[in-house]
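Please read the structure below before turning to the comments.
Note that the chains are named A, B and C in the order they appear, and that numbering of residues resets to 1 at the start of each chain.
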């Protein structure tokens, strides 16, 4: 059943002078688990609310299975939401809360009983139907919110940071349950979070957002291993960012000048020229004895060693002036260096990834590639042409959050 | 999110009411104050059109109230004095009561609060009625004071004495002062007192330098809440004195309003009174806006 | 036992110079005794006259200030409060006005508050300002203004009960708005959004998600409106016409300096007791309803319910 396919075309939302969502395009595949990840104020919640119908777009479209929903009121959309604070009606018991939407549809009493029972079983709350919300724990309230939304068989389920109010252990357990639930029910989940671990664990696709702009869209592995911009590299995992002067090297790759040293980078935007930023993950930074020689090696001094149990984080200060973090997995035996030791840092060329400037992660070319061919054809037939590759406007790096505080 | 027309439909009855009965009513008041008298019937005629406004009543009233010169200046002066003394009484008596209830009372708090709210439920008139009964020549107040030779026998408290009116005003309005003051003091964090003691201040010092400054806003709020109605009060004087030698501004307006020919004067006096109060209110509004901003920060 | 008894004495001797400790205790006791006596004196001064007035309704003679023995004549006899039409008409009229005022102001005020707080777009501040004006101007000014409005402009509204209700409602509406908006500020809009998300139309969302959460405020508004209306004098007086539109406060005002019998006291007692009983019941109901409709509060100070209630009563 192909339903619940969402397209967001050139969506823009302004609150007064503040641009919360800045001309973004996204495609959320039917039946997938799609996350929007970013810091607070990046526009992810505003986008979600526009899909739900609580905000009207300033411009742009929200299409569900090809139908433009942008001006449909929320109670008429086949989309349901799990709110951040659950918003369980405190004066109704669990059964009535879950039955709320069904009653609006005027289902018969037996129908309601049947479907509510089903939904409560799905979230494992079968015996609590008569409890009042004040008698439930946070995790149980969250399940009620889920059941209440799912009982209506929506095409898409929207989740606005639903696990934020729970403690870490419960959160991890519910992440697994949510993912399993989504696969069982088979509908599209659109999930908003600022927790990168959450997004990486559960999602099929992640859209990393910042300041109202989509920085990168990809699978968890793609956004983690192959970040396209400094923001994405920085937001997911720990990264070492190196500023350098680039020029394309003959035979592929980019030649980077960092201080007096020259390094070769084989990943990312190797065709770049001029001032660029480059990222290398701590796991790929290798430490060798001083003066061993070789390509992509830089002398350094060990500044700090942090023992993490399964690994050791080594902070090294390079001769180029930068400080990098290296993650060494624990082996049998101590490390052959300590604070103050001179070492040589090896940055493998295929671990050096040249980044695009922040805000230009998604270009027209990459967008077209990430979209299903059928959709691309439909898109090109769309009567409205857009200014698609919009970067951040120079005049709207307004300080502070661009998301309306609620 | 709510369609505009739904919200408008919801708010429209209230909006119409407010516009009609507040705005238009106040405009009618102004229109009468700047209007004239019908030459035949000698009834006030409102001047709806600003072009037809005449300032005769307004200037008449203003000149009657001219400081130290106009015939009605005494009334205004007396009103201010009465209100000042009554407010002082409210603060001196009301502050300790509110402070005790908010900060010191523990188990007795709900009980005391109920007793503080009770006078608000018993009508103002009944409370004045009670005093009229007590202050008569044969009443219980004299029954206590005469044997002590504080007052001569058959002393009538109710025949036009300022003392009676002032005490009546204080008695009548002090509950309206205590409740907002209580509410403000209830938010007072007693840990400030502990901090002050910790830093070496004694009881008096703590009170003067910590408690009092922090209750300033509450005292101001209570004062404003009571002072405004006090300026319109005429019935306290009417009940406890009944003589024009203790009349207040409210009495003036009310008396004018009783006779049709003088209703324009009543309106004019009311307009000047409101303007006066608005000017008085400005520093309060500014200081409370400042205080709210500080708290928000 | 003796060990524990010995210990405190020993420590008090060690931790502070005994003279200073005693002095501090004495001072504390004095100041707290002083405060307590002020509070008690105030409460007595505040309530005793009223209780004495109640007492005098049982006076044996015709005086309202000289006690002439105990009697029930003003309660049950032919000239009593329940037999003299002047008195019980006033009682009836006061209750009539109060009920009508509650019926008008509560729905009007609640819907206007919802409008103000949920309206997006052009600022609703002028509406808020206008609606609080009646609280700021002295009641006499408002009464005069409404008097002129009714007699010079709205001729179809005659002075009398209708005008009295309109006048009181105008004065009381801001109180309802203040109470309701206070509660509205602590209700997240998420509940109405959730309702609409689940398929409720905007009107249904209002009815099913917002109003139940507003029940405490609605109840408090009704009680405050009732209490303020019952005791209102100035506006009721100015909007009145004949003696049939006389309310209890008006009657007390007219009759107090005259030769009215203690039946006057009896009438006032009836009103006071009725108001206290109704308000008390209302308060109990309010506490019950608030506990039921407890929502996860956002920011918000905890004002004891009575104080919030009482503050609203102004």
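Annotations
Note that contacts are C-beta pairs under 8 Å (C-beta built on N, C-alpha and C of every residue); 3 or more make two chains touch, one makes a residue touch a chain.
Model, not experiment: these values are computed from the prediction.
Interchain contacts join each chain to each other chain, per the touch definition above. Across A-B and B-C, it is B-C that has more C-beta pairs touching. With centres defined by CA atoms alone, the chain at the far end from chain B is A.
Centre-to-centre separation between chain A and chain C, using Cα means, comes to 54 Å. As a whole-number value, the distance joining the C-alpha centres of chain A and chain B reads 60 Å. With centres set at the average Cα position, the gap from chain B to chain C is 17 Å.
Among the residues of chain C, those in touch with two or more other chains are 193, 196, 202. Residue numbers of chain A whose C-beta contacts span two or more other chains: 53-54, 73-74. Looking at chain B, residues 1, 3 sit in touch with two or more other chains. Across the interface of their complex, chain C is touched by residues 52-54, 73-75, 79-81, 83-85, 87, 89-91, 100-101, 104-105, 134, 148-149, 152 of chain A.
Contact residues of chain A toward chain B in the complex are 53-55, 73-74. Remark: chain B residues 1-4, 6-8, 10-11, 13-15, 17-19, 21-26, 28-29, 31-32, 44-46, 93, 96-97, 99-101, 104, 109-110, 112-136, 138-140, 158, 171, 174-176, 179-180, 182-183, 186-187, 203, 225, 228-229, 231-235, 238-239, 242, 250, 253-254, 257, 263, 266-267, 270, 273-274, 277, 281 touch chain C in the complex.
Every residue of chain B that touches chain A in the complex is listed here, in rising order: 1, 3. Taken in their complex, chain C has these residues touching chain A: 188, 190-191, 193-202, 204-205, 208-209, 212-213, 292-296.
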